[in-house]
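Two complexes, one shared chain (subunit A), two partners (subunit B, subunit C).
Coming up: the complex of A and B.
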């Protein structure tokens, strides 16, 4: 059985990977403390008061840009798979779930906006907000499949790309005043909030499209 | 607090083991969703609240829904082994 030997080899490798990772983890003392002082020195110029948001969207904004690119790329891969089946809703509408979702979905959307806004001074931000929004849209899709409104494909595609597009645009604008994606003080606050708002809508559309497009696309 | 941390760690390892070795795929998916939620609790214990939120919404919610939909579709087209 070749399959069986392959599996046992896989388990063996996974076990040794686990052992190695545990060994590395026990040997980490603490993070380099010079990073901490550097971070706190730069915090007043970052435009936000929460450290994670400052690192994600100001100091290491290029990483976040590429992350958004990866998410968009995975959606393009899903589009390219061409599932040639017609999605038939599994659930049937009934009063209980309809009423429940009618109350729940506005709350989820409101909470997503709150998380987005509060990301500037506490934990939160665009990624968590977009995940919440996408979850809400998926619940809506599952419970009310027939009355679910899907915008035109062209508008949707524009929405998918808008997050990355706006991010790159901001990078280009900041190129005139310094280097790529480097902004400071008062303008940084505006840039970060606007990037996060666009990212939330765009990533929310992408993440919900993972679910909806993968099961709803019909052959043209 | 140490008790809670140990409990979370043991639970995570056990759930990971169950996900890998359960023969029934539906069972494995349910374990995966629970794994995501416990992992979110672990993130909260580590002080990373934004990660915990993203883990709940993405790891447990969206991935779980996608996997459940996939297994329903596979059963519908007659791949009972899937």
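Coming up: the complex of A and C.
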């Protein structure tokens, strides 16, 4: 009975929170655009033509570096919990699944590379491409777990770390010419594209490892 | 305007879900709902003349990926907890 009154009080409070927050946020003034004009002034020095990619990998590259670190850290934590589970694969031999492996997966991988490269002039980039690649790998793993080629654990671990490692290496090289992760104009484009390519492969492996570890069954 | 109200509704629903529900998996899903509400509010309040601010988009992209990592880890913790509680109830 007490629980019920508590819940109705909560719903009442939530309704008024909704009304109040909507009232405040719809009447809010938009912030002034000093950052916006600064960004557009700095765009010619960034090495790419799309603003989001320039912010992610040039002006605020340290944020992206730490973000990759967070993803890797969460994978390490998942691996620490892994001995609790064991995977027993199922396999489905079917025309649809065989067609998927033969035709659709190469298309998905190709499209991931397209998304990666188009990040320099439109929306896209390493994170979208790695999500796409991870989706392809996950479906492949679910459909054909037995025929799926799994590299050795050591190689996989190297692949997981390679994105962060390359990012830090680029930062160290840029230390010779200025401060950490601050590129010269003429080489910025090469650095951004190379970082994005390595990040795509490494993040694709990490994101698919999230799922593949999570679908493991509980040890009986 | 519509986007802001939708974002606030998602935020409030998610917050309510985190408080009201007892099951951990439902709490995790509510957490994801309310973070997406926050991202929607953040992007729509800074959009001017139908052009979204690139800095805000970059920040939201970072937040999305971090949320993904956090939910994957929370999922594994919930599974480990569920397995332990099953084992304990078997022993009793």
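The criterion applied here is as follows: the second predicted complex is superposed on the first by the 178 of 220 C-alpha atoms of A that agree within 3 Å, B and C clash if a C-alpha of one lies under 4 Å from a C-alpha of the other, contacts with A are read in each partner's own complex, and residues count from 1 in each chain.
Simple rule for what comes next: a residue touches a chain if its C-beta (ideal position, glycine included) is under 8 Å from a C-beta of that chain, and two chains touch if they have at least 3 such contacts.
Just so it is clear, the structure is predicted and the values come from calculations on it, not from any experiment.
By the touch criterion defined above, A:210 reaches both subunit B and subunit C. A count of residues in subunit A touched by subunit B and by subunit C gives the higher number to C. Judged by the touch definition given at the top, the superposed model places A:127 against both subunit B and subunit C. After overlaying the two complexes on the shared chain, residue contacts for A:135 are found with subunit B alone; subunit C is out of touch. By the touch criterion defined above, A:17 lies against subunit C but remains apart from subunit B after alignment on the C-alpha atoms of chain A.
With both structures placed on the common chain, the touch criterion links A:52 to subunit B and to subunit C.
Once chain A of one complex is fitted onto chain A of the other, the partner contacts of A:115 are limited to subunit B, with no touch recorded for subunit C. Overlap of the subunit B and subunit C interfaces on subunit A comprises residues 52, 85, 127, 207, 210-211, 214.
Across the interface of their complex, subunit A is touched by residues 48-50, 53-54, 57-58, 61-62, 65-66, 69, 72-73, 77 of subunit B. Note for the complex: subunit A touches subunit B at residues 52, 85, 90, 115, 119, 123-125, 127-128, 131-132, 134-135, 138, 142, 207, 210-211, 214-215. Subunit A meets subunit C in the complex at residues 7, 10-11, 14, 17-18, 21-22, 25-26, 28, 30-31, 33, 35-36, 39, 51-52, 54-56, 60, 63-64, 67, 70-71, 73-75, 77-78, 81-82, 84-85, 127, 207, 210-211, 213-214, 218.
The residues of subunit C lying in touch with subunit A in their complex are 1, 4-5, 7-9, 11-13, 15-16, 19-20, 41, 45-46, 48, 53-55, 57-59, 61-62, 65-66, 68-70, 72-73, 75-77, 79-80, 83, 86.
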